[in-house]
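Note that chain A is present in both complexes that follow, paired respectively with chain B and with chain C.
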Partner chain A sequence: MSHLLEISNLSVSFLVRKKWLQAVTGVSFYVDQGETLGIVGESGCGKSVTSMSMLHLLPKTTSRVDSGTVIFDGTDISGYSDKEMSRIRGRRISMIFQDSMTSLNPVMTNGAQLVEAIKCHDRNISKKEAEEKAISYLAKVGIPSPEKRFREYPHQLSGGMRQRVMIAMALIQSPSILIADEPTTALDVTIQAQILELMQELKATSNVSIMLITHDMGVVAEMADRVMVMYAGNVMEVAPTKEIFANPMHPYSQGLLASIPRPDKTVGKLSSIEGTVPTLQNMPVGCRFSTRCSKCTSKCIESCPPLFRKDGHDVRCWLYADGEAVDGTSC
Partner chain B sequence: MGKYVLRRLLVAIPTFIGITVLVFFLSYLAPGSPLEMLFMDSNADAQVMADMEARLGLDQPVYVQYFRWVGQLFQGNLGYSYRTGLPVWDMVAERIGPTLLITIASLVLSVLIAIPLGVMSAYKPYSGWDYFSSGLSFIGAATPNFFAGLVFIYLLSVKVNIFPSSGMYDSAGTHTFLDLVHHMVLPTLVLSIQQIGSLIRQTRGSVLEVLQDDFIRTARAKGCLESRVLFRHALRNALSPVITRIGSMIPFLVGGAVVTEQLFSWPGLGSLMVLSINSRDYPVIMGITVVIAVAVLIGNLIIDLIYSVLDPRIRYSK
Partner chain C sequence: MEHLAEVKNLKKYYPAKKKLFKERQYVKAVDDVSFYIDKGETFGVVGESGCGKSTLCKTMIRLTEPTGGSVFFNGRDIASLSPEEMRLMRRHIQIIFQDPYASLNPRMTVRELIKAPLDIFSDASEEEKMEEVFSAMELVGLNREFMNKYPHEFSGGQRQRIMIARALILRPEFVCCDEPVSALDVSVRAQVLNLMKDLQEKLSLTYLFISHDLSVVRYLCDRIAVMYLGRIVEIAEKDELYDNTYHPYTRCLISSIPIPDPEVKRHAMILEGDVPSPYNPPAGCHFHTRCPYATKECSERYPELREVAPGHSVACHFAEKIREGRA
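And now, the complex of A and B:
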């Protein structure tokens, strides 16, 4: 079965003080039609870099893709030029970002930015049609008095409303995939819930696939069909959402889940994973989690494990070496 | 929007009053009495001098002199030149055209050259383009205009006689537009050089900063072409600080015009200013200063209006 989006062995480096340092190493995953894939991990683990590099949105002067293919809808788009990519971006694969306060252009009206998202891909559409479509999408994402909001500027809207405008803009071309890069992180909890609900609704009506990048396990539990856990530029574990919450296999996944505060249980101290993520300059030779892992062995320090497939999970950990190795070592 | 304009206009009024106070009292404090200039002859009759002093109102207390001067000012009377006896306003009116001509021309030239160069530098930092325009901006900003003027005259008028070194028209007497443009080239260039330098740097820095902004990423992510991202999204947001820089250029342009006009014998306000300072012609000095101050005030008002057109957040703020 072929997947809607399939990424293989993606590695991305950044230029830091005249040296190329790899931030994402050998990342492979897929997204199916109508599916929501949650990508979780700490800040700086490569979640955003992975999605941005797929769309060629990383700065060209300070970043480069070392390896990897991105097969979208049967075509390898990894070698596409800017011009070819601009036909994919916004039309086939859309993206919404964390900070809705700064993600909209402050000197253009909301309407003009929506109309632009239509006209960039469809030059023949009349101004009136484009405007009507834009207003209908504002209504669709639950913005009251859309005609008025259409003429207003982003600074006249609240954070939640701005994120709705972003969502309307992302979905206006009916894309196959929506990449949501921490879409609710900057919003307060009630607005968060509303935005997530809206995304669920829109997904149900349009069958769009969602790549949901977040560090909020609660959001993942609510939204995702499958979860991919990333750490220090590696995929650590991939499994269906229910599976990963019920039976996390990788010590890092276990640590992440244990760190979720439980309001129903009184505990003296909140659980956490000791230590910090290694910097790009000091990546361990072996397993990248070995410096913080409570189950670390000498093998973990010496060599990096491949992804092992076991009980429906793909896990990058020597503890599961009895499973089938699904990719080469790629640390 | 209307409210914003009105507020800007109201702020201009106390500024203008402040200018008149400064101009008047600084001239008053300057050493040497105008009477000495009028009567170069040291044997002048004391009675005649006293009469003249009374006639010019110089025997009155200073605040009376000030209010009399301001009163006349609001009636459009800037007084009479001690040197020529002509009304100051007529002398200024005759000279203001040529000055506005080269200052506005050099403002336009600076903007047309500096903004595209600055945008290119910012879009491809550390490229050949960037080094070229950065080099140009350093040289430009570091070259005093009297020096640039002398170099230009030496190279382009003396060595290779392409452009005339002085005046507005040929001495032949026919005043054609082409002749005027031909004479304008060097003074306008000289006046522009420093402005171009600082404007390139401002534009580069400002566009470079805006290109890091999240909404640029959004514009790319929705499939806009690079040219649209750069000119529609980045440049427009980057323009506010550039406009500020242009606003602060206006007084420098006028100041620079004083030197440049002198250098190229350009019959503008600047050369009249130098002439009047040398002959302690206070009414003319004060008149020119007030006119220049008003020009700068109007310039800043226009800048404020451009701001509000560019940035809706200014327009709507209460």
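And now, the complex of A and C:
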């Protein structure tokens, strides 16, 4: 079966002080119709860069895609021009950003922004129809008195409400894939629970695939079907959600899960991963986690492992070298 | 037993813009809050943004002047101390801020940053001060070689270590921690939390720990207060609060946290609507507009904080009924 979205061997570099530094190296993954893929990792691990470069949203002057193909719905979109891309962005693949205050235009009403999102992909729709559609979507994402909110500006809404407007805007063209980049990070827990519930409801009714980018393992556990763990620009482990929480195989995934305090249990002492994430300037030659890994061997320092497939996990670690190597491209 | 710190009816009101022909309104950021902290314990304050938890922390140690009430520290009311007395008191009370990027002067080296409190309070010689700085750096796990570096050369976790070293160099008894780990990544957050726990044991510190993250609070704190719109709605021992919750708001808050385990299905009590504006909090119980159990009485009379079990206080008219499922 072919996947709805398939990314292979994506590498992205940024120009930092006249030097090209690779932020994302050899990232491959897929998203199927109707599934939620959770992408987790700490800040700077490349999870946002991956999605932004997929949509050609990175600045052209300071970033470049070194390699990689993006196949969406059977077509390779990695070489698309801006014009071709703008027909896909927002219509077939749309995105919700973390910070709703800076992502919405402060000098346009909520309604005008929604109408713009409708009209730029559908020139023939009448103003009245577009407005009605916008209001119906505001109602659909659970905004009370949508006619009133339609005429208001983003600053008149609370953070949770603004995030709902963003979701309405992202879904208004019924896209196949929704990329949600830390959609609830800026929100309080009670509001986060509302938004997560809304996203689950909308997913159930529209069968949209979701790429959920987050650093919160709790959110992933709740929302995702499969989880991809990233570290320092590499994919470290991919597995179904239940599998990865019950049986994390990569030492980094293990460390990450062991270092989260639990809301439902009292734990004696948290384990933590020593050290810090290596900077782009001093990436280790071998496995990128080797500098912090407790199971590091000389092989790990010398060469970077490919992804090995074992027990339903794809793991980038030499410990699982008896598995089948699925991805020859290393870091 | 004498408590190390005791807060009584503490109030902090911020004046809102006065409208013509209308009486001046106040935002009651902290409204009539009372609690105590014992020596050696970690007291947690949790709540959503805008509930007044940071204002509580700042008012308690007089970084902003309280509007009313008193704060006893070792039996002395610090709200009534003169500026000079307060200055001397500050060496016993230190604070760690949330944002390690904004709270360290970018033009000072690590050595100067950590030494600054000694320059203010200590008459020791320069060599003695440097010895202190090195031992503080060692305490928080910073390499001595870093002393001539500037804050921008460090990662978030290391900066937070600098902040902790600076707060602890005067050997304070009491440290206010205002969301110290919120800006950090998970793996580094665990390092800093463990460091804070170890230091508490080693130096017999008392912490006031402010956070919006109920999992972190459960890990670190001994007793916890939950705030909503400037008031404490529930105080209890850690496990008592999580396992034997009385107040409906606390319940919603706890059940809203996603649990990092797909096998555990949580039954979230999802609240309708948003936190009301603090300019104009609802009459009666502040929570009644979002509370699924609210009755007419809740909108008329504010429920006082009352003890429902030893060491467990709740501000809700129907706490017992709700807990037993009779409401």
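Definition applied: the second predicted complex is superposed on the first by the 323 of 331 C-alpha atoms of A that agree within 3 Å, B and C clash if a C-alpha of one lies under 4 Å from a C-alpha of the other, contacts with A are read in each partner's own complex, and residues count from 1 in each chain.
Everything that follows uses one rule, which is that a residue touches a chain if its C-beta (ideal position, glycine included) is under 8 Å from a C-beta of that chain, and two chains touch if they have at least 3 such contacts.
Values in this document were obtained by computation on a predicted structure and should not be read as measured data.
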#### Entry: Fit or clash between chain C and chain B when superposed on chain A
fit
### Query
A:218 contacts which: chain B (first), chain C (second), both, neither?
second
### Query
Which partner does A:103 reach: the first (chain B), the second (chain C), both, or neither?
first
### Query
Does chain B (first) or chain C (second) touch A:256, or do both, or does neither?
second
### Query
Looking at chain A, which partner touches more of its residues: chain C or chain B?
C
### Query
Touching A:194 in the superposition: chain B (first), chain C (second), both, neither?
second
### Task
Look at A:273 in the shared chain and tell me whether it touches chain B only, chain C only, both, or neither; answer first, second, both or neither.
second
### Task
Once the structures are superposed on A, label A:145 by its partner contacts, choosing first (chain B), second (chain C), both or neither.
neither
#### Entry: Which superposed partner A:174 touches (first chain B, second chain C, both, neither)
neither
#### Entry: Minimum C-alpha spacing, chains overlaid - chain B and chain C, in Å
9
## Note on the structure
Note: in the complex, chain B contacts chain A through residues 125-126, 213-215, 217-226, 228, 232-233, 236-237, 310-313, 316
### Query
chain A touches which residues of chain C in the complex?
48-49, 155, 157-158, 185-191, 193-194, 197, 212, 214-216, 218-219, 238-239, 242, 252-264, 266, 268, 270-271, 274-275
### Task
Under the touch definition given earlier, write down the residues of chain A that touch chain C in their complex.
42-43, 158, 160-161, 188-194, 196-197, 215-222, 241-242, 245-246, 255-257, 259-264, 266-267, 269-274, 276-277
### Query
Given the complex with chain B, which residues does chain A contribute to the contact?
55, 57, 61, 82-83, 86-91, 94-95, 97, 99, 102-109, 116-117, 120-121, 153, 155-156, 166, 169-170, 173
